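The following blocks contain the structures, represented as structure tokens.
Shared between the two complexes below is chain A, which has chain B as its partner in the first and chain C in the second.
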Partner chain A sequence: MSDQASPETPKAPSRSSSTLSSWRASYRRYRNEHKWLGWGIPLAVVFLAFSYPWWGLEGPLAFVFNDGLGIDSDTLFNMSVYVMLALGLNVVVGYAGLLDLGYVAFFALGAYTLGWFGSGLFTNLDWHFLDTNASRLPGIHLSFWVVVLLAGAICALAGVLIGWPTLRLRGDYLAIVTLGFGEIIPDVFRNGDDIAGHNLTNGVRGLTLLDRPGFGERIHDASGGILPVRYTSLELRPWYFTVLAMMLITIFVNLRLRDSKMGRAWIAVREDEIAASAMGVPLMRTKLWAYAIGAIFGGFAGAVYGSFINGIFPTSFSFQISVIVLVMVIVGGMGNIWGVIAGAMLISWLNFRGLDKIGAWISDVPGVSNDFSIAKYKFGIFGALLVIMMLFRPEGLIPSTRRKAEFAEGEGQATLYDARA
Partner chain B sequence: MAETTPKNILEAVQVRKEFGGLIAVNDVDFVIPKGSIVSLIGPNGAGKTTFFNILTGVYKPTSGGVIFDGTPISGLPPHKVTALGMARTFQNIRLFHNMTALENVLVAMHSRIKGGVWRSILRTPGLKKEEEESRERARELLRFSGLPGRDDAYAKNLSYGDQRRLEVARALASGPSLLLLDEPTAGMNPEETANFTDFVAELRAEHDITVLLIEHDMRVVMGISDRVTVLDYGEKIAEGAPKEVQHDERVIEAYLGTAATA
Partner chain C sequence: MATAETASRPSFERRLPISQILLWVAGAVLAALIGYWLIKNAVESPDRFLEVTLIGITNGSIYALVALGYTLVYGIIELINFAHGDNFMLGTFQTNGIVNDGSFQIPLFPTSFVLALPLGTAATASSSSGQKIYTILMCLFFSMLFCMVINVSIERIGYKPLRNQPRLVPLITAIGFSFILQDVGLVWKDAGPQPLPNILPTGNIFHWRGATYGWNDFIVIAVTIPLLIALSYLVRSTRSGKAMRATAQDMDASSMMGINVDRTISFTFALGGALAGAAGAIYALYIGTSKFDLGFRLGLFAFTAAVLGGIGNLSGAVLGGVVLGLIQAYTEGFWDARWTTTVIFSVLIAILVFRPSGLLGEQVPEGQ
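Take a look at the complex of A and B:
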């Protein structure tokens, strides 16, 4: 029947067995001979990422990255936040296979957590805990780092509350319900300025004057002035390093969970719910964990983002964000951390700067009108990109080996188990 | 509810399952003595798989109850039933096709592995040790089930017979005291079938596992079963030693004589 099939020789020479795959294969061989590459390359990448302000923003390569591609410190921060969001969503979509179209809800909730615990929203209160503001302001002001953790915790809780009734649904139904939640949560914030007489969200006016991260005088002095007392809107490097550090934590957790009991259970649930549950995997618990962990990272990202832009408005958290983050995961390669990072960097660059830059390049071509703005067609372009990816490379830019196998399956092996059922 | 007598690992009392107006399983009483190999046979559509699904928790019976090893299990979700020590294979293979053979087996150890999410993230020494032990046990199970050297092959790339073997290996990984096999030899050639029959006998002899078998191949059924139960239209029409059942008139009638010729 299928005895001739062996794992070494994929039955269908799929389109994905292209140059990239052969590069990967030869890289794997090379890495097996040179073990240090296993940690050497990630370390080098981390070093390059942290040192970007010195070689990309200014210095030798600034004319390519800062001027040419337009990756300035502002864009850099935004890109990092989106990489984090994409990595969080990767747990939900890439690992557990739960199509979540409302991920923005957790991003928003994280930002509003900062509003609750790090702004003057509750003027009649006067709670302070290690905050690094210059003067004692009214309201609740907890240390930013505590707020970030709180944002993660609140989002995890919200994830469980939302997931409890909805994760029983499968496939398309789950997508629609999560889509609904993504729409409802910003609406709740919009109308949250009068909940039984309490102003919880300041409604459409949004929240401003938010606390910023900082380490306080004592740590500032102890670190020899390296760690800032509080972040400012003039010096953006600490912001970038902060998101980068959070991103590293996200990657770390992604990697560890992928190779754990929970990671295996997620894939099993994605593959076959009935079989997974018959093998002792509790479906609800497993899905809830994926949802909650994804939510935690959404919350982290939301809190930092809110503080950075120093304003949280219900309109900032639109459905578009859910879609863009999902596109990042799909374009990059669901389930593969490096693919997701690459996809997130590419799409967020296009979103924040790239399309403007490309438009400008096109306008510079003699004979093209000056007011040609490619950014206007942003969503058309992302949509087209998604369609093109689905047609030519459904497994993503850098797919996980597992996903690649999955997409190759329709091309020669489907009958192996479908026809027999 | 009555306690199971120590010699019966499973007792089903007056189990009934209705789908709308259709009575798929009609008040069936059924016991599996500990350490035995029991077969459930019957023509297509007799309700065998439905009965299986009730035992394993996929369906909740309309009425009646199932007691497994002293614990009432009707209404429990499948993963809890599995944790109590009942494992199954599927009639139409339901492996995790895009996972390796080893990973398939590891998934089934879910309820036996303690390591939680936080410990997995921190990768504590205890967890590392546990993970290594699980992998070793999984490799051992694969060897035992006749899949040596196939650890890292994707399940879908295995041959049909190997996929059947992997299903059994996976079921065994959950550490069952009762193993339910749903038509395990379907699609196997006579040689594979004979090997598989020996394998099941070995499971009982060396691993103390009780086996419930749904099977169409009468050579398998008559060869290894201690008891045979026959279902037809959801009703139990005969029960007893293979020889007795083989000569039961109602059974011959239900099968239109195929049992006699087998």
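Take a look at the complex of A and C:
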């Protein structure tokens, strides 16, 4: 371990002369002179996000956002879910510095929690708790909001169970172990239709007819008809507002966690495990917390996503999702919430709509054949993004100052991951 | 590795914690159950057991070839080369082109155009045996060359500039390259399975009750073992092999001793790539089909084999490959093929958690 700069004064990074950094610096200066920007800008962004259906989906700017960029209700929802996923992974990868290549496992577990507690899978049971279905269906049907919390709890538990034996491993071994779990868990769901004769997951046929969120008659009436009795697949705005609210909670928790004692412990562990341990940071407990909290957000996102898609299939939880979420965190800037959100929005837009749109634009260029298909290049584009980011800007587009200093330091970290608790 | 150290130190009393003892007991019980299950199957249907074992060894030797690429690279720069499995997949595609189209092909990646060098190697199941032998040899040679060039270029473009970065940076780069290579395969051939005719000799070497062992199974072993002997000779007895072992031991010191570290690392990647290419050729000829996303799963299985044997340890990779092939064969033969992935990744996790040094231990610095 070579000498490192003290964390209070990160070394000036060597590659700080990019345009983006200088913009950031001048923005910082401007913000320091105008204090109200500190809460004004986030408030404006939240307002813009909530009012998007009125200015982006339809209304004055629809021709740019809805028609031009293809951000319709579906895409919008998917983007928001991926922002949540990326923020969850950011706790693990960005804050605590643990490379998790199996994050999709928690996404899947969250979705399947909804399948267990909010569908007709267990037909011979008849458990109901505040569910908002129109008629009394067989199976377990808990209120959607309870299921979301349950999904978070189950994922946290799974995170602890997975993390407890594995988090003592070195960085790259940990990556492999998490990848292994990311493959095992969907595989178990795939084969779960016959575990000792019990059908626990309905196997490859997947789960359909899932419960939808809703508030029930009483709250619907009490709120003057604003809060819907139950969400439908026709009216997509409530879905968007719900996931946006969950996203805001995620952002808030992320921010508060970063500045908490735990958050500082994560950063200390990330920067130098041995030094952190010598200073009295309990390594295992700190890492386990990071892993469990990251898992909670994965579970939330999974439950909402499953309900929106109204179908959970083991094939939809592949390694590619883990990597795409990782790309979001890396492209945006590990450890910086705003960077991660921007990265997640950009990459998920590219993933769901953008690449198709770009492909269509390219096909329209005269001289390009009509059968040009950009979908074929999806893997290559995301792979190339990873490689290019790692080669030229490993700290991400909008990095956290601290993370940037770490990368600029380079060699001092080479042995960081050799420590085994 | 830790146990060996502590055992040789006499003065300290070792006290095993309860959890450690429980773990060992659980492991022993599990091993006994698996042993009982295997023996029971062997006694019930010995011919089937023999057949499954032979399949396991044949598949295992392919895993061993791929695993060697992981272990060579890990031994020297401690990087899990995620792109290796996809490189292997490109080797199967190259072989496919050589057999089906009779030409060595270079995909001009972002476009779907292919530069083809005719070799006159197109063969079908009904070709003459001379033609078949020529085709098989060309498959091996060009597939090895192709994967070698890819592996070395990836190292030069992607890993070399990042050698001093935190370890996760090149690891993420490797994942990126894995995706890019997958895309190269997808654009080059199509998304569906790519079949090729069986040009390996048919017929059985021996036949015992229900169990058969064919010439095609034998060819897999017959190609693998000379390659392993050649590799072993290269690493043990040549100057480049010595340089490789020295670099693995201490990069700075070996560069001070006049070893060209960059070239040595490239040489290691070339060796790994060539083995992946050979494995790709054998796989395509033996299995008779391949697919663009084959490399990810198979690469991870091979990586598991490398970890199982002790990553960085060459004989360990071979042993791990064979053991993994057997695990897969027994799972598929006597239990349920649906659970293969789960079983193999559980083995990977169990090894990493309980014995990260693998079966043969971590002998990274000394080569083998």
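Going forward, the second predicted complex is superposed on the first by the 395 of 421 C-alpha atoms of A that agree within 3 Å, B and C clash if a C-alpha of one lies under 4 Å from a C-alpha of the other, contacts with A are read in each partner's own complex, and residues count from 1 in each chain.
What we mean here is this: a contact is a pair of C-beta atoms (placed from the backbone, for glycine too) under 8 Å apart; a residue touches a chain by one contact, two chains touch by 3 or more.
For clarity, every value in this text was computed on a predicted model and none was experimentally measured.
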Which of chain B and chain C A:205 touches, first, second, both or neither: neither
Touched partner set for A:24, first chain B, second chain C, both or neither: neither
Which of chain B and chain C A:376 touches, first, second, both or neither: second
First (chain B), second (chain C), both or neither touched by A:386: second
First, second, both or neither for A:34, with chain B first and chain C second: neither
Chain B versus chain C as contact partner of A:257, first or second or both or neither: first
Intersection of chain A interface sets (partners chain B, chain C): 406, 413, 416-417
Residues of chain A defined as touching chain C within the complex: 97, 99, 101, 165-166, 169, 171-173, 175-177, 179-181, 183-184, 187-188, 190-191, 319, 323, 326, 330, 376-387, 390-391, 394, 406-407, 410-411, 413-414, 416-417
Residue ranges of chain C in contact with chain A within the complex: 78-80, 109-110, 158, 161-162, 164-173, 175-184, 186-187, 296, 300, 303, 307, 336, 338-339, 341-342, 345-346, 348-349, 352-353, 356
Chain B - residues contacting chain A, complex: 56, 58, 77-80, 82-83, 87-88, 90, 92-99, 103, 106-113, 115, 117, 120-121, 123, 131, 152-154, 156-160, 170-171, 173-174, 187
Chain B-touching residues of chain A, taken from the complex the two chains share: 1-3, 5-7, 252-253, 256-257, 260-265, 267-268, 271-272, 274-283, 289, 293, 402-403, 405-406, 409, 413, 416-417, 420-421
